[in-house]
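Each of the two complexes below includes chain A, the first together with chain B, the second together with chain C.
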Partner chain A sequence: MGLESSKWAIIFLVCWLYKNVSCNSVEQKIYVELNNTVPCVRLLNATHQIGCQSSISGDTGVIHVLESEADLEWPLSKGPNPPYMVLLESSLFTRSIMMKMKNESNRVAGVAVVVPNTSPPEFSPHTTCPNENTGVYSDNYGPNLAHCNTTVWNPRGNGLSYEEFDFPVFSLKEDNETEFIKQCYLDHNRAVNGSAPQYPLCAMQLFSHMHAVTNTPTCMRRNDINFSINPEMVCDPLGDYNVWGSIRPYNDTVFGHKENESVVIAAARLDSRAFFWEVSTGAEGSVSGFVTLLAAAQALREVTHAAPPTRNILFAFFQGETFDYIGSSRMVYDMENGKFVIDLDNIHSVLEIGQVAVHSGTNLFLHSDPVSRRNNTVNDENLVNNLQSSTAGLGFLLVEPNVSQPLPPSSLQRFLRAQPIPGIVLADHESAFNNRYYESFYDNAANLNLTYPSDLSPEEQLEFVTDTAKSLTDVATVVARALYKQAGGDESLVNTIKADPKIVTQMLYGFLVSSNNSWFQAVMAPELKNILKPSPPEYYVGVAMSSTPTRLVQYLLANLTGAATNLTQSQCQKPDELPNESRQVGVPLDLSVCRWIDVQRITMLTLGVGVAVLFTSLLVTYFISTKADVLFSSTREPASAAY
Partner chain B sequence: MNLERLPNEEKLTLCRKYYFGGFAFLPFLWLVNVVWFFKEAFVEPTYTEQLQIKTYVKRSGLGFLLWVAVLTTWITIFQHFRAEWGEVGDYLSFTIPLGIP
Partner chain C sequence: MTAAVFFGCAFIAFGPAFSLFIFTIAKDPLRVIILIAGAFFWLVSLLLSSLVWFIATKATNAQDLTLQKNLLIFGSIFSVILQEVFRFAYYRLLRKANEGLAAISEEDGPPLSVREMAYVAGLGFGIMSGAFSMINTLSDSLGPGTVGMFGDSQYYFITSALMTLALTMLHTFWGVVFFEGCERKRWWVIAVVLCVHLMVFSLSLLNPFYVASILPVYAIMLLMAVWAFFSSGGSLHNITLLWTCKTRLKPI
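After this line comes the complex of A and B, so read on.
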């Protein structure tokens, strides 16, 4: 009885202790984990690597909050506890500070940039001359126009996105965690009156180890060489799809030149980038262009069904244009090699919509290539006249800038590289970009002055027609009318073509504020609804086979230009009806991004198994040797010795 | 293994086998030869076969040092220049480090 009751008492005590004692992990007392961080990753092209790299087990450094550029002395030379983790406000995230830290990178363990909610006056990490080596201007074609000798397109560009850093660079949001870091610095790390701070000091560890190295040919070669036990990919090519659709559908199994077929191409770009991985919002850089083109496509739907124009109109949305024209160069390549439904000779003219949302006056500008116009090999006059006459009654004019100015960075340049084609790029800037945040994470809805009254619910915001939407609607109307005239449509019907501001504002809301809204949900296929999120989509071209903007534009193009049919769901999912749009693979030619995978577990497992085998074998040997006389026969033969 | 219980001819045969075996690109056999027969060759009082064993041990030692020199040179050159050799370096490597050239 006593034994049993004591047994029960022990069981009860154990259960009570188990319930009431809580575990305290030592790690949680030492480390505070930072969420909401975005790293800068490594990218490769044919000859170089750009971006940031950390050590294989992360970089640790003493936190230093930079107060001014002169304060850089502390981490770079005076501070007694290198390496330092430098925390920068966005105003100090400049080229001169980053390059100074790059030169002293043995004392700098990493950089963290605090991204504020309001944008600075200007910031563009891209180069001053985007895509200067892959456009049409070179030493053979307009040498005085190449390398931005006449017009610098992005004068605010500081080129940080194209530098290589040996330390990790992360972005932090301006929230409680960042306040905690700054408070820790003020409490422990701050040098008072020039004396060195004593230990313990606050430190930060950043981990963003990149596998890719050197350049794309090396990296892709190493992907293919797989000798080791754990074959793994070291990099992935940047890739996605272009989206195209035409007024009159093409049979997408018949490729090559089509007799007597003359096509007007209307083009826009889909993608954008930023210094940090994937956080690109590209409002003025890309969204303004493709939303205008989608609205123009919708405006043309009725009139092209009622009175089809002589020539076909093909709407093309190119992905990957930021990275040396991935999408447009692929389409030109396919056309040259007879792998596309039409040929370069079938192209009548090209109208490209560039950045059109940030006006510096009332006018918009028509850029063309001076070299081909001067040589009289192409005739842009018709297209210019059609465009300029389409603005009647809309309150702005389309002006041609000075004849000797080259084309801005645009997909049209890749077409001109192949053969001379009449083409115009429509933009809101006469020379340098109006966009103060070209290819940066600040190029968002605020850059377009996209504001909604504060008392609206999300559904009401979706329907509210903003001023930005109205101005883009006017541009879309001009584009639609000009395309119709250029395609040889009936002149008397031109003034009936009007873009719909409701559709434009819904698209702007969906692409710049929240993609998870009722209209996008209605348009997307049911199995793809999970790509819609309550934030704007990311416009980085990425390495996945199909990113959110590509999917959205694909389905929107189909919805806005197609005709509704009476089909059941199962009939709809079979691809044997005439599609009004289709997808084209846009595989890049020479760009790749690094990849990072968690290989720690695999290596630890291998090591553990090896050590276990070692100890097992030692144990077995020990046991066999102690019992040797029992296991082996006892008669010993002295002559034959075992080796 | 205990060499004391072996007759001298067998010791010589053993030493000779290890010496000739090392020529098959097996420098470790030469190292074993040197370490194992060192006492026999240089410390023990003289016996008939000791002279032969001595030459084998000396030659094994020389061969082993030669191998060490060659391998050290090659390994140093390879580790230093592998990145610069590009394609050739990658095809010669068994494991390629990640993230560094």
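After this line comes the complex of A and C, so read on.
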């Protein structure tokens, strides 16, 4: 609806000035602003762009509430008033419907998805084989294991997050505003008996213009074009900090290989994503893993002070793992180039905590890389034995999968790309993920069955030990014991290592229900308290330099492991110039519902009357002004006086 | 799409004022100055009256809608009265200025007659009043949407423009009549103008019953046009002169 003409821009500027002076009631007669909306944004990598985009002045379309997949015929072919703005219930937000709309995108102005409060049976917008091109398996390394040939990790994945859409896609909550939209559709837009609905119709306008296009190299090149004093950035790199800490402190200015230093790395990932921007809760996908690792770190505090093990244990929490392993690849890069306190030769073994909260049975599974295990120095049975023996008395077993299958998507794969290292990934799934909502906005506390009795206040909920917390505590105990044994600690003290269920449940509450609780407030630095909110933090890695989960984990790690560990403030890594880095752009978002009118009738009438009035008045005025002497003769001497 | 509505409404509301400006005012710089000053006087009157209304609304309960509506009506009546007061004030200012201008002018006699000043002052009031009425609405007509979702009439934009047009022309005619009345010391004219202005305002309260508001306003506008024509020296004889295309006989 072009605002292209500069004349309009000038007039509009004048009007804008008037408009901003007062509360505009004419606008309220025309538009309804929608508030609780989240857009899908555009992301780039080295070769492609994914995500959604609207035109620069927004996309407007006639609202159509989709009733079934067959009803798609109306917006895509039969409907007489294209383009349409399609409103989808979550059950219809499927790959086939979205791809059909993508193919007819000249008739679809945008999509709005209503996200319900209860989750559907399963939904994962991620791909079936996460990070398949940036892991360790390729045509040169385990080719039969690459690209999920043996095990499909995320079979429920529909890949929508990695498709490119030319129209904006927004999510709406199930609230009064959405009800209003549906009512407006039912009142005005519904086709009665197959006949076309009459104007005026209900319409919706979505703004989510993204400046980033094509791929990362193009976008970064455009960033470098500085024409003005305030250069406009068209995209930002995804990035944050990793968090790491060790039992024995390292001097953070001494980098590179350390003689006679052997380190056991315990790793977990911090981030997650969803189809829409930032609304990722990643309960099973990431929170379960890093909470377990934090609890294990806390469990190891006393015993490592009393009887320090031979090898050091380094706890690493990687950010950005969803997007082709941003965090772990950076740590490996730094280790390879002597920019980290240890290097790859110092690593004794790696234990990674994957998704551990949704059990399908009592056992947990130990995943390892079959290709590197063919080499006997890497095939370290001790690690497996240490883990399996640590479950004594805890009611579950750790089992290796009985088929030869690759590692699931994990940070360990990036270490293996650089050098063969013994490593295990601990997970609750034997082959495909148990997580039905991998990398989606439904992977929340409900996915972990995290329930609290209804009569508790928030502070009481913080302290209440849920069943989920108890099971994760057991896993943390196993991890802590195994790490201690792996690091060569005193065998007799192993059974004294126990994770604290109270700490686990407090962490689960803080990371999945409300981050603004008394414990987090006590742990966080005073100047950072404002990042705590009454909702769970967002686990999207984002473009800010440190997001809420990074900060929280940083301070919690410091708090739980005491003064013996290296604090992570200035040393944390910045993923800067890396290949295969994804880019994203900050997003303006706006959404409003409006209504318009048939061009043929009143609009043309108005224009016609206007033009007629203008020309008539020009003619009449010209005529009168030339004959003014005659008409208004009393201003001069009477014209007909004859002397 | 609704650029058509924007231009249509802009032409309706400002077309006659624009053409009057082009053909009668633009060539003479003195007239332009009087026009702008007139617009400014109207603006000051609006500012003062809206200050009163603003204080009244802030001092009272914002939730009570009937009270707010009544305050709005009271504020508008006060604004109408203040506008006429400022019109009178402008008349006095122009009379004084006229004497000064006559003294420094090269022609003998004042450069502008009171009638011309009346017309220009009225037009100035009218243009400013029209701008304030219409610009807000015009800017909203640019977007893709139109009025009507909450039950308002679809003819909102075109009727706003027609009302603005009527008001602009009415201000012009009132200016002519008012100044003439002040010149001839006929004070009842002032009272009549004030009453007609109040009548027009109260008719506008009848919106959205557009038939009941727009038609009477246009009828009043025609009556005022006739009155202004006669009070500025026109007569039926002159109109017949026009039609018969008689040439004027100049005094030899």
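Going forward, the second predicted complex is superposed on the first by the 532 of 643 C-alpha atoms of A that agree within 3 Å, B and C clash if a C-alpha of one lies under 4 Å from a C-alpha of the other, contacts with A are read in each partner's own complex, and residues count from 1 in each chain.
The criterion applied here is as follows: a residue touches a chain if its C-beta (ideal position, glycine included) is under 8 Å from a C-beta of that chain, and two chains touch if they have at least 3 such contacts.
Keep in mind that this is a model prediction, so the values were computed, not measured.
Applying the stated contact rule after C-alpha superposition, one finds that A:M210 touches chain B and leaves chain C untouched.
When the shared chain is aligned, no partner comes close enough to touch A:H305: not chain B, not chain C.
With both structures placed on the common chain, the touch criterion links A:V234 to chain B but leaves chain C unconnected. In the superposition on chain A, A:K529 makes contact with neither chain B nor chain C. Of the two partner chains placed around the shared chain by superposition, chain C is the only one that A:G610 touches, whereas chain B remains out of contact.
Chain A residues in contact with chain B (one complex) as well as with chain C (other complex) are 594, 641-643. The residues of chain A lying in touch with chain C in their complex are 1, 3, 8, 11-12, 14-16, 18-19, 22, 24, 26-27, 29-32, 60, 184, 200, 202-203, 205, 593-597, 599, 602-611, 613-614, 617-618, 620-622, 625, 627, 629-635, 637, 639-643.
Residue ranges of chain B in contact with chain A, taken from their complex: 1-2, 5-6, 83, 86-87, 90-91, 93-96, 98-101. Those residues of chain A lying in contact with chain B across their complex are 53, 56, 209-214, 218, 221-222, 225, 227-228, 234, 594, 638, 641-643.
The touching residues of chain C, when paired with chain A in their complex, are 1-12, 15-16, 18-20, 22-24, 113, 115, 135-140, 142-150, 152, 154-158, 161, 165, 229, 232-235, 238-239, 241-242, 248-252.
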